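Okay, structure first, notes after.
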Amino acid sequence: MIRAKVYVTLKGGVLDPQGETVKGALEMLGFGGVTDVRIGKFMVITLNGVSREEATSRVDQMCKKLLANPVIEDYRFEVEEG
Amino acid sequence: MRFGIVVFPGSNCELDCHWVVQNVLGQQADLIWHKENTLKDYDCLILPGGFAHGDYLRTGAIARFSPIMAAIEDHARRGGLVLGICNGFQVLCEAGLLPGALLRNTSLNFICRPVHVRVDSTATPFSAACTQGQVLCVPINHNEGRYYCDAETLAHLRDNDQVIFRYVSPEGKASDAANPNGSLDNIAGVCNEQRNVLGLMPHPERAAEELLGSTNGLLLFESILSYGRAASLTRG
Amino acid sequence: MPEPPVTQEIIAAHQLTHEEYKRASAILGREPTLTELGIFSVMWSEHCSYKSSKVHLQTLPTSGPRVLQGPGENAGVVDLGDGLAAVFKVESHNHPSYIEPYQGAATGVGGIIRDIFTMGARPIALLNSLRFGPLTEARNRYVMSGVVGGISGYGNAVGVPTVGGEVGFAECYSHNPLVNVLCVGIAPIDKLFFARAGGIGNPVIYVGAKTGRDGIHGATMASETFDEKSEERRPTVQVGDPFREKLLIEACLELMRTDALVGIQDMGAAGLTCSSCEMASRGGTGVEIDIRLVPRREEGMTPYEVMLSESQERMLLVARQGAEATVREIFAGYDLDAVVVGRVTGDGVMRVRDGERVVAEIPVKGLVADAPVYQRPAVRPAWQDEVQHLDVDTIPLPRDYGEVLLQLLASPAIACKAMVWERYDHMLFLNTVVGPGADAVVLRLKGTDKGIALATDGNGRYTFLDPFTGGMIAVAEAARNVVASGAEPLAITNCLNFGDPTRPEIMWQFAEAVRGMAAACGALQTPVTGGNVSLYNETMGKAIFPTPIVGMLGVLDHISHTTTPAWKEAGDMVVLLGETREELGGSEYLKVCHGLVQGRPPAMDLDLERRVQRCCLEAIRGGVVRSAHDCSDGGLAVALAEGCISDPENQIGIDVSLPETLRPDALFFGESQSRMILSLREAGLTRLQAIADHHGVVVTPLGRTGGSRLICRGRTVNIDIDLAELDRVWRGSLPASFGQE
Amino acid sequence: MIRAKVYVTLKGGVLDPQGETVKGALEMLGFGGVTDVRIGKFMVITLNGVSREEATSRVDQMCKKLLANPVIEDYRFEVEEG
């Protein structure tokens, strides 16, 4: 069994109103010192019956095709066995 | 004219578009399930509003892989008209038929209300019946309507007169206050370079009958019809 | 795997009383197994069995010439003419919405929609009736945002517009918000479906989403009061999937166009258990299910868990023998499961197997028809006299009536709710002729000249002060709202939100409110076609205001009769139908300006109410009326202000003079019932007078529309406010509570 | 400067309609072997002027109070300096 952890984040220049709102809410709750909040997606994909290399290349394909939109997002992932 | 209305799982404005095309405009319209692989000879395809695949992951992200999409691309390549309304616009962007992407509204809230949009180009089959700079009152209904593209694309869109609608005040001024969702450059609708594919966030089919409050949206449909009439004339 | 033995603790945890346990054992002729215990427990919960409320509900009028289906099915059905039926019902999701506001409200929307399309109707609209604690508290704002977000998130995505509703606020809802959702659907009269398991040997088919461990014990949870320990039960929260539900609607409606279907029921509270045995009970049959066949999304689920799971977006249906393939094919088209899990049997037994092993075997009649019914003690509380006592002479008259009006317009109960309904798709299906923001919503019926109108209403404060009157007013006001929109009220659905029924004072409130509703439904000829009861709305021994919510359905013979509250043109006459008495008890004015929840609510004369409504409707149909508005919360002054500003595109002022025959605060802010404000062209006045005389209704000319100010002249009262100021206060108040602008 | 990476995921038994739908889409696209997809949130919070220990305890509080919904979600986070 292989678990891939995929992180999809908004590209640098893209406004993240959710992050801004959370930042504002944290300040309102009295949490000081927060200078930035960015919110992205965290996906855990479980694969069966594939090798680590195979999984790595497949997950990369998944990200390119479906999981991230290159116009607005970057992605990154890790693959773990076990 | 023959209209084809594409139905994705989770679409919900297909019957409304069908109603307007058939009962208000008196034209023929078919509903086309997304699992179809081929298209009949339609003059105009409509990708309606709704929540294809629940809007899960990203709006339009999964729908763009529907079997019907290849036929839609083909139709567009051959110069056929494609109108993406709201979710349909999102699908067309994901599919790369239109530039840019639609992000979550800056308010983080779903918004359903009439807004004012200005017609910034009448040089499309979808806006020819409008006058340049005309202000239309048409409802929006979305959670992800914030148009975004990179600076280069934006410059290109402007240079090529591809921004067709912008959110404005009732007097026709584009301002932050008149921008309901934080769209870049107040963009409410864009077309492709060939000008035969249009996507817009407002719902023209919701402004097509006096009984429901506005007929401003009919101008889009009327533009399409006169384009169709002209095309059939030249075709002979 | 054998089930653990049933111990005293387990019985207690299932909230069956000793007597109920004995009764269950007697029905079985032995001790129940764990799965059986679970089944009895949910079926005999308050939520499913109505054991405390049944005796009272039976007193409600439920039949009439237009009623095609009264209580007893998934929803009520009313004949609209032209071969069309309206299917409608309201449902509560109060407890789940407190625990997880977003998902609680979302799954509430999903649940009520299933009740509608299970009857063969396409759901065309939702309304919601919400109650929260004061928005000055962060937790209440969080709950309200979550609930509104959940309704928006689910309703919009499932593709059913949320066209209206109401929002109210009071301290008592802080720990017990109310989330009541109404759904209406339209079906051809000859294509209705019922929840009956007919035809011995017919397949029982499970369709929709897979089963997980969601909400196990949700039904019993909805029948408990809250305490600090409730937090620990949190994992039972269900998550809604509007996308799957949308597919389920389309698949079921498609199936209903074939002849494959015999009976169908949604899996709501108590899931597979409730749906299967209720269908068997209505069909007079038995049903046998093998839980091994049930599609699941989690591993290792026990029969108990499968039977009690409240996973959403599932339906149970009975098909004709031989039609299995048709069913499978249709659902496969929508990528939904459709699995034969059992058969209809002739032995009147609900039999649950886990493969070969039988894990439950219960006579259906014992489980459903012989469920316990309680005539619980009902006693008028000692404090009732005290709260009803009001010495108006001790109430100081306001110094500045304009200031009071602004205060009332800013009160969250009265303030504009656009912030809420702009988050709901209220335009889908192109039927919304009058959307949220008016007295009632009006939807056209495509293919006919007709329309339907819907309104929800209920005033917890009135009902707290006098449950009988409160019950009457809930019905009367809902009807008045529907009349104001140009429709004739036909029938109601209702949701009864009350505290702990084992407390005699709560039971008294319940009985009285139902008695009031029954009286009003009788007088106004609007029978009850169904509804829902939500009890145990208390936290740490404190109950909510008794809050009956009425959902009224009306029909417009012609959509051109549609009428809205806003003035149409300057120079029109504005008149009051009905009479104003010196009634301040229970008013929003007393609450907002004097901090009092005190006195008797305004009196309700049902005969007068009927005459006022008939008069208004006749005048509307006769083309005399240009605008109509019910005069309720905040009284005359607020109703006049709303007439001026409620249409943002066309705000028109008014200038009225009133003879001060009563205390001026009662005159302007009192909430006397059976009053409506109409505007009309001057030329129509004689005609209106004639209609009013015929119905024995008093018409009082108040003044004329025009200008850009609201001006009220009296001897001591002088209100003169710019509309822009009224509008700013009224529209800005709710957003301001959430820190916006 | 401290960067906290916060992972918010749905609790075990809680239905993840989004994950299920993405799983179905991956299958449709021909990616075999995917047995499960779960989708959560990934947040990056930048803090200034606080020690690592201080940041750790603050972020934990933030998660408890705002970032995760304890009814249906679990959270986990890492704190990095620099």
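To keep things simple, chains are lettered A, B, C and D as they appear, and every chain counts its residues starting from 1.
Keep in mind that, in the parts below, contacts are C-beta pairs under 8 Å (C-beta built on N, C-alpha and C of every residue); 3 or more make two chains touch, one makes a residue touch a chain.
Note that the structure is a prediction, hence the values are computed from the model and not measured.
Centroid distances built from C-alpha atoms place A farthest away from chain C. If each chain is reduced to the centroid of its CA atoms, chain A and chain B end up 30 Å from each other.
Here the CA centre of chain A is 41 Å from the CA centre of chain C. Look at where the CA atoms of chain C average out and do the same for chain D: the two points lie 37 Å apart.
Once the centre of each chain is set as its mean CA position, chain A and chain D turn out to be 9 Å apart. Each of residues 241, 243-244, 335 in chain C touches at least two other chains. Counting partner chains per residue, chain A shows two or more touched chains at residues 66-67. The multi-chain contact residues of chain B, meaning those touching 2 or more other chains, are 53-54, 56-57, 61-62, 65. In summary, the structure contains touching chain pairs A-B, A-D, B-C, B-D, C-D. Interface of chain D with chain C (complex): residues 10-11, 13-17, 20-21, 24, 69-72. The part of chain B that touches chain A in the complex is made up of residues 57-58, 61-62, 65, 93-94, 100-101, 103-108, 146, 148-150, 182. Note for the complex: chain B touches chain C at residues 9-10, 12-13, 15-16, 19-20, 35, 50-51, 53-56, 109-113, 139, 141, 143, 203, 205-206, 208-209, 211-212. By the touch rule above, chain C contacts chain D in their complex via residues 99-100, 103, 209, 212-214, 234-235, 237-241, 243-244, 297-298, 311-312, 335.
Within the complex, the chain A residues that touch chain D are 1, 7-9, 19, 22, 25-26, 29, 31, 33-50, 55, 58, 61-62, 65-67.
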